[in-house]
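The two complexes that follow have subunit A in common; it is paired with subunit B in the first and with subunit C in the second.
Our next item is the complex of A and B:
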């Protein structure tokens, strides 16, 4: 299925969020939002991504 | 005694708000012309006390615009001194300020912008009860710090004291802004920062593009003014992310986390 990850189109064959994060190669620490809403880390394992979802993998920023 | 309600004396004793003078009505006229702001909103700013933690790139931008905007009282907190590497982005500090306290350097620049507002400085790194005592005396806290430990502590104290926290951060060509009003139904900074674990990079290690701290700091100033004057819709429970490389802005919802160690169902208990 087709989804967007950080505004770039990706074709994925697995709908599990943890698999998508792994395939994308995201390096910790990061937070994940689906369609503009952050997903709690405790829900990663049970979250399924739907076709055309907008997935954002966000790195932390602390600088001032 | 209905006549007393109309007497200036009674009015003054009922209403402790400081009113704007005629020259201030002129000075802030471009604010007052804004329909939502009006005289009432500007008087709220004039009666507000704002705490700014950190006088680096973000803090300089925040303080500069809040000073010009006519906030009644600003308290600047930073224990650092001005270094030559700061001048690229920390616009209140000048070449002649190198070696001076950032608080005093910023205060001198702010004083030149607006001589009417009250400017306090605290040249220390605040923590614990001392930090709580300082926060209590202010209406709103603006986080312009550069590290996760300070950010988490400010969040905890603001949550416990129910003070609105305006958070901003920047690195490389990226920035983020959010507002936490610390109410029962809205998230706190920890609901977001718990995703990230320990601190990774600082501006010292990763670099930061000068105007990015200005953009983010001015967004923080804008959000603070909105909260204080009661206008617009502040970024409460939302995280705005700026990527200056393509000048894109994305805004995300932060959900209140039931497992949050600060505002969750099993709240943090301080010693």
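Our next item is the complex of A and C:
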């Protein structure tokens, strides 16, 4: 299945969000959104990603 | 509130009246030293896409955490209500705070906040339990609407972000202070010099929030110290109460007893 993670195309076998995060190698701390909608950490295990979904995984960065 | 010795943000008290940004410093070491020197207790942060190959930005995060300050996440770069609301929720989960510096940009040229959607976004976030600190223009009515929907802190710009021009419209900023005496007012953006900070406090503003003025100074650490002094001087000057302004000169040395003077 083709999805976009942080605006880069990825091919994934598993549709479970928790597995996709693991496969991406996300480093804590991070937060996640799918198609622009926040996904709470408590929902990672039950969230399924669909083909062509846009997944954002974000981390702290400096800001003004 | 405006005569309190402490800065009050949603019921929480702070000694420093300088909120500082964490961006644009020449190095992490300079960032840390400047933040310490500024005596700020609140530092702004943001969220961006993670690249696992650079360890997910962990070094910045660890260094910032080591300072033990209150974090104020922003929604910088957001152009829609959906972006703002979802980035705020991501920030709340990751930073473990319900504070959010609401930035909703309406124009790329001057990074002016979107006045129409800003109030609606603030309302949504407040109802979702956020403590919203909206970055807005110096428009009195927008500020009143933000206060009406429950914002206890409002942050009008001094001038556009990153310009360092100081207070472009002091009359408008004064009107906001006059009409919202019980709201914590913070000048956010546009300051470039310590004298600009003094000016903000002399208008009765409760605090300032800045980043570029310190981070992009030739010597950020010394400039951080200068802004710390400026905040204290400006606040003290405001509380002391200025002398009456006059249109004509009035001598300070007594006229009575002046030698060489004779009545003709």
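Couple of notes before you dig in:
Just so it is clear, the second predicted complex is superposed on the first by the 61 of 64 C-alpha atoms of A that agree within 3 Å, B and C clash if a C-alpha of one lies under 4 Å from a C-alpha of the other, contacts with A are read in each partner's own complex, and residues count from 1 in each chain.
Quick note on the criterion: a contact is a pair of C-beta atoms (placed from the backbone, for glycine too) under 8 Å apart; a residue touches a chain by one contact, two chains touch by 3 or more.
The shown structure was predicted, so the numbers you read here are calculated from the model rather than taken from an experiment.
Look at A:26: by the touch rule set out above, it reaches subunit C but stays clear of subunit B. More residues of subunit A are in touch with C than with the other of subunit B and subunit C.
Looking at the shared chain after the overlay, A:53 reaches neither subunit B nor subunit C. Look at A:16: by the touch rule set out above, it reaches neither subunit B nor subunit C.
Touched by subunit B in one complex and by subunit C in the other are residues 7, 28-31, 33, 36-38, 40-41, 56, 58-64 of subunit A. Of all residues in subunit B, those touching subunit A in their complex are 54, 56-59, 144-148, 151, 168-171, 174-176, 192-203, 206, 208, 213, 239, 241, 248, 250-255, 257, 259. By the touch criterion stated above, subunit A contacts subunit C in their complex at residues 6-7, 24-33, 36-38, 40-41, 56-64.
Across the complex, subunit A meets subunit B through its residues 7, 28-31, 33, 36-38, 40-42, 56, 58-64.
Note for the complex: subunit C touches subunit A at residues 21-25, 31, 44-52, 55-58, 60-61, 64, 73-74, 76, 82-83, 86, 89-91, 93-95, 161, 211-212.
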